[in-house]
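The two complexes that follow have chain A in common; it is paired with chain B in the first and with chain C in the second.
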Partner chain A sequence: MISVRVRYFAGHRDIVGQAEQQMALEPGATVGDLWGLLVERHPRLAGYSGRLLFAVNQEFASPATTLHDGDEVAFIPPVSGGV
Partner chain B sequence: MSDFRPFEITDRPLDPAPLVAYVQTPGDGAVVTFAGVARNHFGGRPTAFLSYEAYAEMAGPVLAQIAEEARARWPIGRVAVHHRVGRLAIGETAVLVVVAAPHRHEAFAAAAYVMDRIKEIAPIWKQEHWADGEAEWRE
Partner chain C sequence: MSNSMPDVALSNEEIRRYSRHLIMPEVGMAGQRRLKQGSVLLIGTGGLGSPLALYLAAAGVGHLGLVDFDVVDESNLQRQIVHGSATVGMPKIESARRRLLDLNPFIEITTYEAQITSANALDLMRPYDVIVDGTDNFPTRYLTNDAAVMLGKPNVYGSIFRFEGQATVFSPRDGGPCYRCLYPEPPPPGLVPSCAEGGVLGVLPGVIGTIQATEAIKLLTGIGETLVGRLMLYDALAMRFRELKLRRNPQCPVCGDHPTVTELIDYEQFCGILPEVSTLNNQYEITPAELAAWLARDDRPFLLDVRNPHEVAIAAIPGTDKLIPVDQLPERLHELDSSLEMVVYCRSGARSGRAVELLKSAGFRKVKNLVGGVLRWSDDVDPSVAKY
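What follows is the complex of A and B.
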């Protein structure tokens, strides 16, 4: 198994109830696999599928990006900087 | 001034002066400053105050990346962007985008582009705190 740090922001954090957590995944798991797992645990996240951005180690990534032990993964709900 | 960074997420009030001083060079005849200011309504509903949250470790580099995108499109000089996080009262500045260029057209276009891209990809979120006490993420 590999361990990754998952970061939650804004509406995601409200749904999940925490700002970050460590998660254990099968080797070879992708960002999309992890999102699927989270949606199973927190069904209210499903509304974000298809309209969120992904980051691994603070750089934009895609659902196909493979995760590695120690990675930091962020699921980025639709952003709203500015006013 | 020694701790000035052109791309910054901060919980302190924003001041345009250091950004203008940073971007201005002798070759640039135009400096455009855009300030996004917390307003007291959204979609006709009264707002009491705003709060902002950012993925700060990533947002700073994304702001720098957006400036590079603008530089690839227009002949511009330096760019500086500061974005506030935390609670903002109505009338406080949430974001400053400052762009220098030899001529005004490029400076205006690049400043508008940078602001548009911030709203598309910068990992920053606004929470509207309505006057009736409810709160809502804009996402």
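What follows is the complex of A and C.
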């Protein structure tokens, strides 16, 4: 198993109830696999599928990006507020 | 925005005013004259727009355009510091114009009391060097992005929510991405809470708006490294800045190699927002006056509050039977009896509207949304209930 640090932002923090967490994944898991797992655990995340930014180690990533032990993954939802 | 010496001159009064800029070699006379020759269009004079307008005016940006159609409300003053108690009720653009000209009478301000739309966006933006997005909804975010890309102008982006903010500069002409490269599809309506629904720390737009102002000044003077291609994420509670490197998407429908969106579209429709129809004949809605009368009868409905627990301490409708925050509703449906007549409420009617949709899809047939929520209850039924 590999271990990754997951960071949540804005509305996602309310849904998952925390700002970050450590998660264990099968070796070879991708960003998309991790997101799928989170949606299973927190169904209210589903609406964000296809409408969020992925970052691995502070670099832009895609659902196909393979994760490695010790990676930091950030899920960044769109935020519209400004006034 | 060019390297040649601008042909505007500074008066001795302006030289005195801007001396702290002028003595820095990175700005100097050339940079200050570029600021004076420069122009920025501020879309929104609210939370982000306030610090933006104040600092850009103070810095001596020669021409500021302000677009807003709202009026100053007391609840704005917790964060919208360009306005004041004396201008409550005044159009925001006029309130801001007065304050800005007091701060710096050497600049020109053009005000547009209008909502930016697909029909006017290109004309509004065309005269300006830099566009700054300080709005609060997805349709306007996409509209501003697309129009700025089409005009080849940098779009200084900022957004805020509760204790968190984001800022970047979208400028495909400088090799960076646009907003659509990041978020090609808007979220479904109602998914992402606005500041009115979710709240915002008053100082947060100060931090993000000031970053945007810094970037606008750098773009106009040509100094430093801008946020093109980088997204800055700020977390006030952790007091941490993070940076994410961004890439332009060559397949982007607006700024990509073969754009498919080449003129402005209907952004409300794009974001899934349906035109408002008068729905009070709708069996799933009820007005505060109707609810008050019903609550006084023996067959009174079950009254469900779907706000967050801390909001109950601010104000509540007397006779509330149960509190279940809308986010917890899917998991707590079993606590409700679908055979009862039920009225659902929140602050404004938005969250309770979503709750009613959810309840309907779960088989509840006797549910109604309190139109206008606590706010309209206070207006129409009981002014002793506080509005917030």
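By definition in this document, the second predicted complex is superposed on the first by the 78 of 83 C-alpha atoms of A that agree within 3 Å, B and C clash if a C-alpha of one lies under 4 Å from a C-alpha of the other, contacts with A are read in each partner's own complex, and residues count from 1 in each chain.
The rule is simple: a residue touches a chain if its C-beta (ideal position, glycine included) is under 8 Å from a C-beta of that chain, and two chains touch if they have at least 3 such contacts.
On a predicted model such as this, the values are computed, not experimentally measured, just so you know.
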{"item": "First (chain B), second (chain C), both or neither touched by A:A74", "value": "both"}
{"item": "Partner chain(s) touched by A:P43 [first = chain B, second = chain C, both, neither]", "value": "second"}
{"item": "Comparison of chain B and chain C by chain A residues contacted", "value": "C"}
{"item": "Contacts of A:Q22 with chain B and chain C, given as first, second, both or neither", "value": "neither"}
{"item": "Touching partner for A:A55 - first (chain B), second (chain C), both, neither", "value": "both"}
{"item": "Those residues of chain A which chain B touches in one complex and chain C touches in the other", "value": "9-11, 14, 53, 55, 58-60, 74, 76-83"}
{"item": "Touch list for chain B against partner chain A, complex", "value": "36-39, 50, 52-55, 57-59, 61, 83, 94-95, 115, 118-127, 137-139"}
{"item": "Residues of chain A touching chain C in the complex", "value": "9-11, 14-15, 19, 43-44, 47-48, 50-53, 55, 58-60, 74, 76-83"}
{"item": "Complex contact set, residues of chain C against chain A", "value": "44, 46-49, 70, 76, 80, 133-138, 141, 158-162, 164-166, 182-183, 185-188, 191-195, 198, 200, 205, 231, 233, 235, 238, 242-247, 327, 330"}
{"item": "For the chain A and chain B complex, residues of the former touching the latter", "value": "7, 9-11, 14, 53, 55, 58-60, 74, 76-83"}
